[in-house]
Each structure stands twice: as structure tokens, then as C-alpha cells.
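Dropping the structure in here first, questions after.
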């Protein structure tokens, strides 16, 4: 990642190493993206630049290591720790939090892939259960509804983009999604709509 | 840690490294101690000995690294990933999401204190909303249901015990709860009463 | 919980059709999947914990109406339309949300604090139960009553025997005379026994003025019924 590439744990002063682990602790505990302000308050420093530099070093350390975890820098500058996507299907059932079932997540994929899209079209492709899915996804803050005349237009939220570490720019996001779907479908083949959900 | 001390990532085969990260993934998403049986099921192996060996190597790797996290082998043979104790006070305020909302928490506290208890009795004391709470608590793995003739018996799970740092033995747990509860109520009544007793 | 200002969930698709009678009259009943609508409506209501009987009633009424329309069309031999073909489009694989560990903020102190409130509620509940009328077990209570009644009978006989002795010489005696040396409790007991004796018609009691002396005479032998207590 950029100019910090050369830096590694060895080059860091003890004090900086301690700050690195504090960022790690904060990200581990949060389970959500943290902005530089929050991270600064944990480190008791005011320099966001410094915090960003350290968080990037940490993210890089994680990327270099053989590990199931990753630390990502989101577009809006926040950092998040999470399980790498490829491990999700393997350990999903162990997670304690109630999980969103596959049906609504397929509807989410479809909306993300075709957005902006009318609710009607989603229901036509995914079946009438999609009404329930759409409601669930809206409750989770992953999609938003917008009235346009008689139609209801659906699209994903910035929360969605952040959750999956995707760009806020729709065009870029769709490209990223395409790649992501290709990786995912190599694990399980793409489904043509209407079938099981 | 015992005979595995010499082993490090470098000495492991690619296949074993993959298993190590799977254990890491499982421990990370679980956020609670996992027994060898669960870990074996994730690794799709039957040899608990092998799983224990790998989990110990992982724990050791974590111990060697500069990190805020640790992997511990508990007395009962389970493994857990957790934040090192010294970091907890520094980042605790970042944790904002309660385990469960206030209503279900009340129902949970009552079940824990009176367990084993019939669902009927819980609903009588807590009101008909308790049905919903019980469902939620069960989904989160905090309580378990058991049919006994016409009655449904409720009790807390080992996850509940682990989360609150209580004994797995029901009798001991209830004693612990009672003692803590009495200490707390005497403190709060002193606060209310104002005067010394 | 949802904010009360929000309109109820069932005013949104797909359930809104059940609550819009104007629209219901205009649409083709074949377009409405009643079982799906009702099942999901109930599920949603349960999930939200907002059980609304009025809404359920309206939903039921509308369903019945739709069934009626369908039956009428069938009687007119109108074929139900073929199911709408599902439009085929690529549906990408599900996007599983990334798993993140999150430390929750609930501590054992929180658990015990709320427990205190719940236990208070439990006490109220138990209290309520106790206040319900409970019929005593006959086997335990009846012997008690027997013993009490037997005791009264015995005491009554004693008192009657005493009165007979006193009243052999004079026909009338005042209540204050027979209890002149008695304790308060004894006075009350004697008074109650006098009432019993009068009730059985074995003595006569009367007062000449309110709060005045109570006079006692023996009733005529063999007269059991008749003018018992007269005060």
C-alpha cells in the first residue's frame, strides 16, 4: 500500500508498535468500521495523519501474514477488521450473531448487480418472496427505496458498500461486484432467477 | 507450549497452514471458546489430537507476535481467541452494541436465576412478550429449550456461562449468580438508603 | 420497536391489497395469492410483536372476499390464468455479509441489575396468586370446626347450669351481675354464649333502654321455639 510499503514491525519504535496493537484492539472490539477520529481518541493523539499511517501499516502487516483476518481501509477513510470473504461459508454456522439467510442475500446480490432497479422487476425475477427480502434488507440498512412516480426504485446504500469494502462510485462498484461474483460463483455456480431461494 | 515449541509457520505444509487459518477463522467469528469437536468439524477431520496440535501451534504463533489478541487453551481443552486483558480498559468504550436489547435481557436474567424453569412460568412472570424473547435468546445460543411432557424447560447454555464468565455447572452457576446478585442489591440498597448499615 | 408515527407495516406491499377495498374490487382475484399474503402477514406481525386483531380481522374479511370472487368466476367457468412466467435473469450468488467479531457491551452487572427488577415483578406475581380465594382442605379444617363447636356446646351447658342455679332464687338477673368478677375476654365470651342460649330459646334476654342493663330470665321448660332473644 503506497509509500508505507517498506515499513515493517522491525522498523517501528516500541512506542509505535504499542500504538499499532491499540488500533488492532479497537478494530477487533468494534466489529464495524472506525473512523480516524475514533482511532485517534483511542491512541490519545490528535494527528489523524499519524493514525492513518499506523492503521495502514497494520493493514499491511495483516495482508502479508497468513491469516483468515483482514484489515481494510474503506473509501471514506475508515478502517475495519473482518474475516476474509473466502472463509465465510466455512465458519458461518459458528458465528453467534443471527445471520441473514441465503434467500435475502441473493435478492441483495441481484439488486446490487442491476441497480438502480424497480421493486417490480426484482419481484418478477426473484418471486413474491422478494417483498419480504426487500423489507429485511431495508431494515438492515443495506438497500434504500425511492418512489419515482408509480415505481419504487431500489439501490444499495453506502453502508452496503462499506460492509463489502466496495467503492461508493456506482460504476466502480459494479465492476468490483462483477469480479466478486465471479470469485464466488467459481465456488458455487451462478443461478438463473426464479429457481430456489 | 510443550513439545510443539519448535514448530513454526515455516515448517508447516501448505495444507496445514490452511487448516491453521481455518481454526483462526472459527475462533474469530465465534468469539467464545470452542471445543475440539467443533474445531474438528470445521477442519473436516476426526482426529481431535491433530486439531489440538494445530490449535496449539496457532496459539503459539499468536503468543510470539506483537498483537492485542491471544489464543488460549482452557483447562477443559477448549480454545478461545480474545483480547488481551490489558487492552480491554483502553478500548471497552468502543463496544456499544448490547448482547441483547433490554427486554430480552430481563427475560434472560430471570431464566438464568430460576433455571431450569418452564416456559409457561417465564411467560407468567414476564408477560406474553417473553415468547418472542425466548425465541431470540435461543437463536443467539444463550438459552436452550427442552420438551418434558407438556412443558418446555428452559436453561442457559455454555455460551451464556462463558460470556458472563460463570461456571458451566448449574449448581455452582446459580450460587455465583445469587452471591453476585446479593452483593449488588445490598450495594444498591445502601445507595438508596443513604445511611450506613 | 417501531415509531408509532410510522404507518403500519401492512399498509405496504404486498399486504396493502388486503386493506384497500377500492382496489380489491377492481383487480382480478387471480392476481392475489391469499395464502402467501396471510402467512407472511402473520409472520410479520409475530416478528414485530404487534398483534393487531382489527388488522387481522380486515385481512380475513378481504381474503374471504377474494375467495368469493374466485368462486364466482369459476362458476362462470372462467379459467384461472396460467401462472405468470418468471422472468429469467442472471441472479448472482448470495453476498454473505463479512463476518466480524464484535465485543458486546453487556456485562454481568447489567444482567444482575435487570434481574433485580424482574424479581420484584415476580414477587408481585406470586403475591397476586396468594390473594386468590383458596378453599381450605376439608380434612385439615373440619376437625378444627368440630372441636370449636363442641367447645361452645360444653361452655353453653356450663353457663346454663350456672344460670339455672342463680335463677332458682330470683327470676331475673342482670348481665353485669353474672360477669361482675370476670375479665374482659371472659365477659365477651359469656355474652356470646348467652346469645347462643337465647337463640336456642332456653333463656330470654332483653334491655329496657339502649346501652342499659341486659336482663336474663330462664325460658319456660319445653318451650324451644317462640320468643327467643328479644332485644
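A, B and C are the chain letters, set down in written order, and residue numbers restart from 1 in every chain.
Keep this in mind: a contact is a pair of C-beta atoms (placed from the backbone, for glycine too) under 8 Å apart; a residue touches a chain by one contact, two chains touch by 3 or more.
Every value quoted in this text rests on a predicted model; they were computed, and no experiment measured them.
Engineer: Indicate, using Cα centroids, the chain positioned nearest the centre of all protein chains shown.
Structural biologist: That would be B.
Engineer: Based on C-beta pairs in contact, work out which chain pair has the most and send it over.
Structural biologist: A-C
Engineer: Need the most distant chain from subunit B, centre defined as the mean of C-alpha atoms.
Structural biologist: Chain centre farthest from subunit B's centre: C.
Engineer: Could you grab the centroid distance between subunit A and subunit C? Build each centroid from C-alpha atoms only and quote it in angstrom.
Structural biologist: A distance of 54 Å separates the two centres.
Engineer: From the C-alpha centre of subunit A to that of subunit B, how far is it in Å?
Structural biologist: Between these chains, centre-to-centre, one finds 26 Å.
Engineer: How many Å are there between the centre of subunit B and the centre of subunit C, using C-alpha atoms for each centre?
Structural biologist: About 42 Å separates the centre of subunit B from that of subunit C.
Engineer: Which parts of subunit C, given as residue numbers and ranges, touch two or more other chains?
Structural biologist: 99, 101-103
Engineer: Could you pull out the residues of subunit A that touch at least 2 other chains?
Structural biologist: Those would be 28-31, 83, 87, 91-92, 95, 97.
Engineer: Which residues of subunit A touch subunit C in the complex?
Structural biologist: 28-32, 80-83, 85, 87-89, 91-92, 95, 97, 99-100, 102-103, 105-106, 108-110, 112-114, 119, 121, 124-128, 131-132, 135, 163-165, 177, 180-181, 184-185, 187-188, 190-194
Engineer: Considering only the defined contacts, which subunit C positions touch subunit B in the complex?
Structural biologist: Per the stated touch rule, the residues are 46, 49, 99, 101-119, 121-122, 125.
Engineer: Okay, in this complex, where on subunit B does subunit A touch?
Structural biologist: Result: residues 9, 17, 20-22, 24-26, 28-32, 34, 38, 42, 66-69, 83-84, 87, 90-92, 94-95, 97, 139-141, 159 of subunit B touch subunit A.
Engineer: Inside the complex, what are the residues of subunit C that reach subunit A?
Structural biologist: Going by the criterion above, the answer is residues 9, 12-14, 33, 36, 40, 44, 84, 86-103.
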